[in-house]
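Which chain is which? They are A, B, C and D, in the order written, and residues in each are numbered from 1.
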Amino acid sequence: MTELRLEGVTYEYPAGVRALDGVDLVIPAGGSLALIGANGSGKTTLARHLDGLLRPTHGRVLIDGEDAATFSVARLAAKVGICFQQPDRQIFQRVVRGEVEFGARRLGASEEEAFARAKEALEAVGLADDLGRHPDDLGETRRKLLTIASVLAMRTSVVVLDEPTTGLDAHGAGRIGGIIRALHEEGRSVVGISHDIRFVAETFDRVVLLDRGRVVLDGTPAEVFAERAWPRLRASGLEPPHAAITGARLGLGSTPTEADVVAALLDREASAVR
Amino acid sequence: MSRIATPSAGGPTAWHDLDPLTRLVVSVGTLVAAVLLTGVVCLLLLTLVAVLLPAALARQLRRVLVTGLLLALPLALSVIIVNVLFSIEGTVVASLGPLEITEEGIALAAEVVARVLTMAGAAVLFYVTTRPSELVASLQHHGVSARLTFVIHNGVAMIPRLAERAHEVTAAQRARGLDTEGNWLRRGRGVVAVAAPTVLSAVRETEMRTLALETRGFTRPGRPTVLRVPHDSSTQRVARWGVALALVLLTLARATGALPC
Amino acid sequence: MSQAWLRVAGGLAVFALIAVAGMTALAGPDFDDALDTFTLAMVVAIPAGVVAYALIEYLQTRRLDSITRQFDTRTLVLMPVAMALNIVLGTAVASALKIPIYLDSVGTILVAALAGPLAGAATGFLSNVIWTYLAPPPFQSPFAVPFAIVAVAVGLLAGTFARWGWLRPRRGASGQQLAIGSALSVGALVLMTVIALRAWRIADEGRDLAPHADETAFVILGWAAMLLVAGTAIGLVVLLVRWRDLAAAYILLAGVITGVVAAFIAAPIAAGLFGGVTGSGADFVVAAFRQAGADLEQAVLGQSLISDPVDKVITFFVVYLILGAMATRTIARFPQGEYLLPLPDAEDVADRDA
Amino acid sequence: MLKLQGVSYRYPGGAHETLHAVTLELAEGTITGLAGAAEAGKSTLCLVAGGLAPRVIGGTIVGDITLDGTDVTSWPMHHLAEHVVTSLQEPAGQLSLIADTVFDEVAFGPANLGLPPEEVVARSDEALHLVGIEDLRERDPERLSGGQQQLVVMAGLLAMRPRHLILDEPVAHLDAAGSRLVLEAITAIATAGTAVLMAEQRSEALATVCDSVAVVAGGNIVARGSPREVLAHPATIAFGIEELPEERLRRRLSKAGLDPDVVAAAT
């Protein structure tokens, strides 16, 4: 499995805007990490460094210890698959099946292998019976799930998902959460970019807050969403998860998810009885 | 979003104060005249009067010269190569191995290069001193249908967006393992895998923009209100008709061969 | 004759009348003048034909529905995308590839197919106007606007072919239809080659360019051009056989006809204004003709008769692929969309949107 | 007041109806929410209410759509646009692309109506003020954040003084800061007397601003009521609609067998 390491990565857009400013970050093999931050904090820019699409102005990106700059993006795509935020920017096949197989075929999977992977990926995102349909006939929501499926079918050891829950309803978001946890159990690394704080707190075991191209917070959800970190979050225009606010109000310590609130209250009730 | 150079309207000068329609008529007139005139002298005179003078007036002389030359260069070079080196009839002036260079070849090449420079200068002069929205407002003021001016203005805005979209699609496809370097077949397949989503997503987007325009009353018959009225004047109106008349006379002279150059 | 045919016939009659009158009145004795006057005649005849068509419709119905219908909001929003496509693709091809194709009318033919001949013509015309006056560098080309009349002709032809259903997928064609289709394609291939050779011979006054001719440089170039033409046609015939899609034959025919018409209109403009030079790969072919003894006009016509048909066949093919990738629902919403969809009985409908 | 009475709609070439006998009233000054799972029919209902379906999209419609009692189904789109306007999901896709500044973008609608220049300017500035983006007046609309672009689109619609504003998932693509801006603007718009219909996947957004919420499932309106009532109802959750945070917490706490008053204190 693949370890990603960013050492002092700085990236300046041609117009001189510094999107990343000396980022040091290690994403261990099998890690599950969420990137959060306001618009323009550098989340997407950072993600595009992970598969070599963008090359740092200063610093290095190491993939399994080797400098990403020495490989072509197509080669790196075998290890790091990115699902972009806008579904329409990549869909072009006439049939859903062809779209999902595209990435897998580019990485050298045979027709049968690609078809098998496509069916499995479509099953995972809940589009199993849309195999033969034209992507345009699927609504915005299912087109989003289609792009996620086409990255899953590439079977890369690192999966990067940019705003995976945008435009999805509760079922859809739940399904994506399940997929990320399943990838994690398979030992593959997952990097997610999301505005949905509750989804982040419940799905990832590490959260990195970016602000103007710098890592300002890096830790478990319990650390990043703990009350002492709230000023830092709010400075980036982010609200802590509802469960964390409730936990603080009830003096239960840091409770980023509802499950934590339930557990803390059960403990308190149990210790009160003793 | 990386914006490709938008025209800088430049500071307020006499040229900028003219109604954009007048500037367009001057530029189109120069282009048509360049088509009709043949002699190098006439063409250079035309450039001096109708391109360089206004450019100086608009304090954009350097930019018009530089951009005009840059645009005209590739074509001018080809013209010289094709016409000087390859034309065989006429008196041979010099020879370069098997190829003879003839006087006629040089004359023709000089004329075409002069015409190319004039046309490039005229187009760049207009582009550099007029923002598309200014021209569109003026055209609407002068009675051109809003649907036509919408298409023109939108067409200009679409160029950088389409180039930008192709850039984004390339990134998305490369992230899915598409290798755009390599042999001819792979490069060919790469072009399709980038061109198709670029075109299709742009076409798909037309549906949403259609709805957005319809809900904002785009299809109301009659002309929409024009907020920025260009400062037109009777002298400019006379000048415009003057240019039109001059072109007609030029065409007649050219047809009957009465044209000196 | 139904009202619609009456209008079209009227328009064509006026067009033909003015074209012929123009040609005979202005044409000088030899071949060169004939070319110049052909373009001048087109510049007058094409708009006159369209105006006549509109006038007859107005007399018939007091309205101009068949024209205004082609310019609904959806088409007006698509046209700018198509115009940008012409310019961005045209600039990319001109600067990148050094082979004599332009690929600057994909947008024109796409709009013509989806919305109609006049919408296509307007897209072509405005693309060239914007390409010269309003396109930001590096896309600006001061030399586009003189060729606007060519784009108008391409749009009108493409819209009419689409209206006749030539861009309709015809998968699952029977063996017999395939045979006719292949014959048609080979015929078009031969037509293209003959035209190119005849043009070469006109330019060449007797010096034969068949492979055994002596000047090797121009023989190779001649053959390269021929291979390009043949390659395109064969590629389409293969499409015909592998996908059993009869549309390939229609695309080839539409491409050749449009290409030839475009060549005849564009050649005098390129020759007269720019000394036969466009800054693209086509210049080498012109140079070869010139060295083979042709004068400027004939050299440019020879080159155009090779490049334009190939360019238009490729462009029609690209538009066919784009339409193929679009959802039926999207196509059906455009004014002429129904003529682009497979006929209900064709067996392919099921596979297309299974 | 815009009223849909027993309205059913089928897309062109669609095998079955997407909307079935929908009845909905949009009273001035109120914000009506539309909740529903993906592809439940929320977007279609917005397009029908805004008159874009069937006028621009085609398809067949049954039932009455009235504006203060008069039937509007026969009105052309540009006439209806003076009373009902619709904003769609992606702000960037709705810009006219012919405006150099935010002001020109907002003035596009009133200019189309052919109003006198001073009226166009007045309405545009009024809309910018109502939505709270006067400071963006001279900015380039294409170089703004998603939230700001959404506000520009809404201002462009409001400048036509439509009295009915239909928003299809206005905050779906926005971050927390952008959403807050848009939701505050929507509240101000309603208080100024406009009737707002807002379809949204995010239940919190609905709960924050809506006076009433209708739940859409399978093209029918299956429940109506105050946001609290409707969004907490078990049936709503069964339809796949996002639960409100407090309700979800309460449900999980009680399920965990915690003491009721502890549960009450927690939520």
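The rule is simple: a contact is a pair of C-beta atoms (placed from the backbone, for glycine too) under 8 Å apart; a residue touches a chain by one contact, two chains touch by 3 or more.
These numbers come from a predicted model, not from an experiment.
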item	value
Centroid-based (C-alpha) most distant chain relative to chain D	C
Of B-C and C-D, pair with higher C-beta contact tally	B-C
Centroid spacing, where centroids are CA-atom means, of chain A and chain C in whole angstrom	48
Length of the line joining the C-alpha centres of chain B and chain C, rounded to whole Å	22
Centre-of-Cα separation between chain D and chain B, whole angstrom	43
Touching two or more other chains - residues of chain D	56-57, 97
Touching two or more other chains - residues of chain B	150, 154, 157-158, 161, 196, 200, 204-205, 209-210, 213-214, 218-219
Residue numbers of chain C (touch at least two other chains)	73-74, 80, 325-326, 328-330, 333
Complex contacts: residues of chain B adjacent to chain A	2, 165, 168-169, 171-181, 193, 196-197, 200-201, 204-205
Of chain D, residues touching chain B in the complex	47, 50-52, 55-57, 76-78, 81-82, 85-88, 90, 93-100, 104, 107-117, 120-121, 142-143, 153, 156-157, 160
Interface residues, chain D side, partner chain A - complex	36-39, 43, 89, 145-147, 169, 172-178, 201, 237, 240-243, 245-246, 248-249, 252-253, 256, 258-259, 262, 265-267
Interface residues, chain C side, partner chain D - complex	73-74, 80, 328-329, 332-333
Touch list for chain A against partner chain C, complex	92-95, 132-137
